[in-house]
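Both complexes below contain subunit A, partnered by subunit B and then by subunit C.
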Partner chain A sequence: MSEFPVDDSIDLRGVLCPINFVKTKLKLEEMDDGDHLEVFLDEGEPISNVPRSVKDEGHQVLKVIKETDGNYRLIIKKSG
Partner chain B sequence: MIADKGEYMENSMPKAIDLAALKTGGLIKQKEKDLFVIRLRTPVGKISADELDKISNISKKHGSGMLHFTVRQGIEIQGIKFDDLQTAKDELEADGIRVGACGPRFRVVTACPGEGICPNGLSPSQEVGLSLDEEFYGEEEGLDLPHKFKVTVAGCTSCCPKPQENDVGFHGQVEPELVEDDCNGCGVCEVTCKEGSIVMDDNGLPIKDDDKCIYCGDCISSCPTDAWVKKRTGLAAYAGGRWGRHPELGKLVAEFLTAEEASALIRKSLAFYKSSGKRGERLGVTINRIGFDKFKEHVL
Partner chain C sequence: MSNSEKWIERYSRHIILPEVGGKGQEKLNDSKVLVIGAGGLGSPVALYLAAAGIGTLGIVDNDVVDLSNLQRQIIHAEKDLNRKKTDSAAEKLTALNPDIEVKPYQMMVDSSNIMDLIKDYDVIVDGTDNFPTRFLVNDACVFAGKPLVHGAILRFDGQAFTIMPKEGPCYRCIFEQPPPPGTVPNCSQAGILGAIAGIIGTIQATEVLKIILEQGKTLMGRLLVVDALDMSFREVKIRRNDACPICGENPSITELIDYEWVC
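On to the complex of A and B.
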């Protein structure tokens, strides 16, 4: 279903800011450099905040895909 | 060990308070008989832990051991006896801690943490605030005003330190510009823009409605590919705001000012206020009486 092969996935729908970011960060810490993580996020605050925080931490946001139910799927490449 | 009488007498002799110091402010009568508050000058609400230790020691030595944090980021040492006032003030100043202001003058400048600390920061509000305080506090142009004159600097359009409630207030702002080639059409900026200024067009590119944009920069910080870039940054300026018995919000005077232009705006606003303001009225009242357009002519 994805043009981006992912190494891991985390579903953070229903998880509030900033817990969703902290969970994303902890997940990324377990992964290897260059790995791709898929994150499911709610619309609203989460999709406005998480990509920017991930970017601030030095990772790369490869793609944000809007899902049919109004949620978002974020593909992050772990960097550093 | 008991000191000999002469030494005891000498040490316990109250130092006469310098009446001129009382006039410049910062020494405030407390309700209780014979007790005073010393208000400190802590511009932009920032002090070092070492300074706080020194303040704390003076509070324990000369005051009630209590400190009060004012809504304008000041610190007040409470419960100082009139006879100890000058000694406490001298000791503070020897420690490099300055006494603040009250009364009809340019007040200590406040600011939020701003760029560098706050993830939303667009302008270095602390640096701008400190340099404005250095430039105008206690200087001739900021003394003997019709009433008090408050200035604050906010790092972004969220306006945490309330620039619109100050006589002159600033907030950081940024104008975004799209680098189309870097955009992957994800649509995050569209959902992030709280002003409804961004809509995705049929080609999957974000289109910005300039009339709705408030220059918050959320689109820039949320874009995963950095396709939104900063076209220009600066400070928006408001004038005539106040709280108190008859609150009124300041009106937008200018946008995208540099720090130097912000300082020039204050200098001209103080001159306008000094020459046109009636005793006891705040800048906003003067502006209402004389006209906002006239005020703008004076200061821009």
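On to the complex of A and C.
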């Protein structure tokens, strides 16, 4: 849990595509370069789409962690 | 408004674009655009700009809706016949996007009022249907240093051109002065394919959005000429004209001109 200290966190469980990515993007816009953002996502479409879109924007997905409830926790490093 | 759930959802397809994002969308929401003419070109321009969330959208027109307008002026409907075009347009735009401010100006633009009209706006759109107004709008934008997106249509033809005063050529760098009255046919004499208004108007709206977003390459210095019969898009490179009577080295035009209006 603590190997990546996070600067901000956003819970997007229950938020559909593409609004989950839009909210992730807006959050990243407010953050500084190099900051870490933690994102909680549903399994299925969200976890297959959001990390890819985040990478397309030039950010790094440092970690994708499957939680015990079946959902996912993403650690993103803001870049550029 | 920004970052509310409604804002995020309404503009989500813009925000997703790397060239727009949340900051770009906020720029659009903070911008002011004046559309001169609520007719064939003004209809698609104003509708797309309202949908894009342009914060303040001014609409200028002096006319009322006529049945013969409805073949191409898609912001108006049969129920609007004989109604002021500015009122009819404002109603549709507000219905499409109640979060923007629509300012209708029911008036004829001339040399006495245009500088005051454009002064608060960031970008001006030429959706006029006559040469006197088109030259007046060009000259006023050159004097005020306002970006102007020009468009014109006739029969199956259309053209679009973006004017960034002093940076690129203006309308008079290409056409020094209006053609003599009566030498060029207007829409009511020559006819017009309604859909060409949509082609040129949406190009103008796109140019406005790019200017505000500071993205891409505008039609500055490039006159886009569309022939819808062949469906060909041709680009004519235009340079600033040193001899331009208004933005050249020794301008002969130093004040606005009201040309004779014949239609």
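Heads up, the rule we're going with is that the second predicted complex is superposed on the first by the 79 of 80 C-alpha atoms of A that agree within 3 Å, B and C clash if a C-alpha of one lies under 4 Å from a C-alpha of the other, contacts with A are read in each partner's own complex, and residues count from 1 in each chain.
Going forward, contacts are C-beta pairs under 8 Å (C-beta built on N, C-alpha and C of every residue); 3 or more make two chains touch, one makes a residue touch a chain.
What you see is a predicted model, and the numbers here were worked out from it, not measured in a lab.
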* Is A:R52 contacted by the first partner subunit B, the second partner subunit C, both or neither? -> first
* Touching partner for A:G44 - first (subunit B), second (subunit C), both, neither -> first
* Should A:L26 be classified as contacting the first partner (subunit B), the second (subunit C), both, or neither? -> second
* If you stack the two complexes on chain A, which partner ends up touching A:K66: first (subunit B), second (subunit C), both, or neither? -> first
* Asked: Does subunit B (first) or subunit C (second) touch A:P18, or do both, or does neither?
  -> second
* Using the touch definition from the top, say if A:S79 reaches subunit B (first), subunit C (second), both or neither. => neither
* Considering only the touch criterion stated at the top, classify A:S9 as touching first (subunit B), second (subunit C), both, or neither. => neither
* Asked: Does subunit C touch more residues of subunit A than subunit B does, or is it the other way round?
  -> B
* Mind sorting out which residues of subunit A both subunit B and subunit C touch, each in its own complex? => 53, 56
* **Partner subunit A, residues of subunit B touching it in the complex** => 119, 184, 186-188, 191-192, 218, 221-222, 224-225
* Residue numbers on subunit A that touch subunit B, as the complex places them -> 43-44, 47-49, 51-53, 55-56, 61-66, 72, 74
* subunit C touches which residues of subunit A in the complex? -> 18-19, 21-23, 25-26, 29, 53, 56-57
* Structure fact -> Residue set of subunit C touching subunit A in the complex reads 3, 8-9, 12, 15-16, 18, 21-23
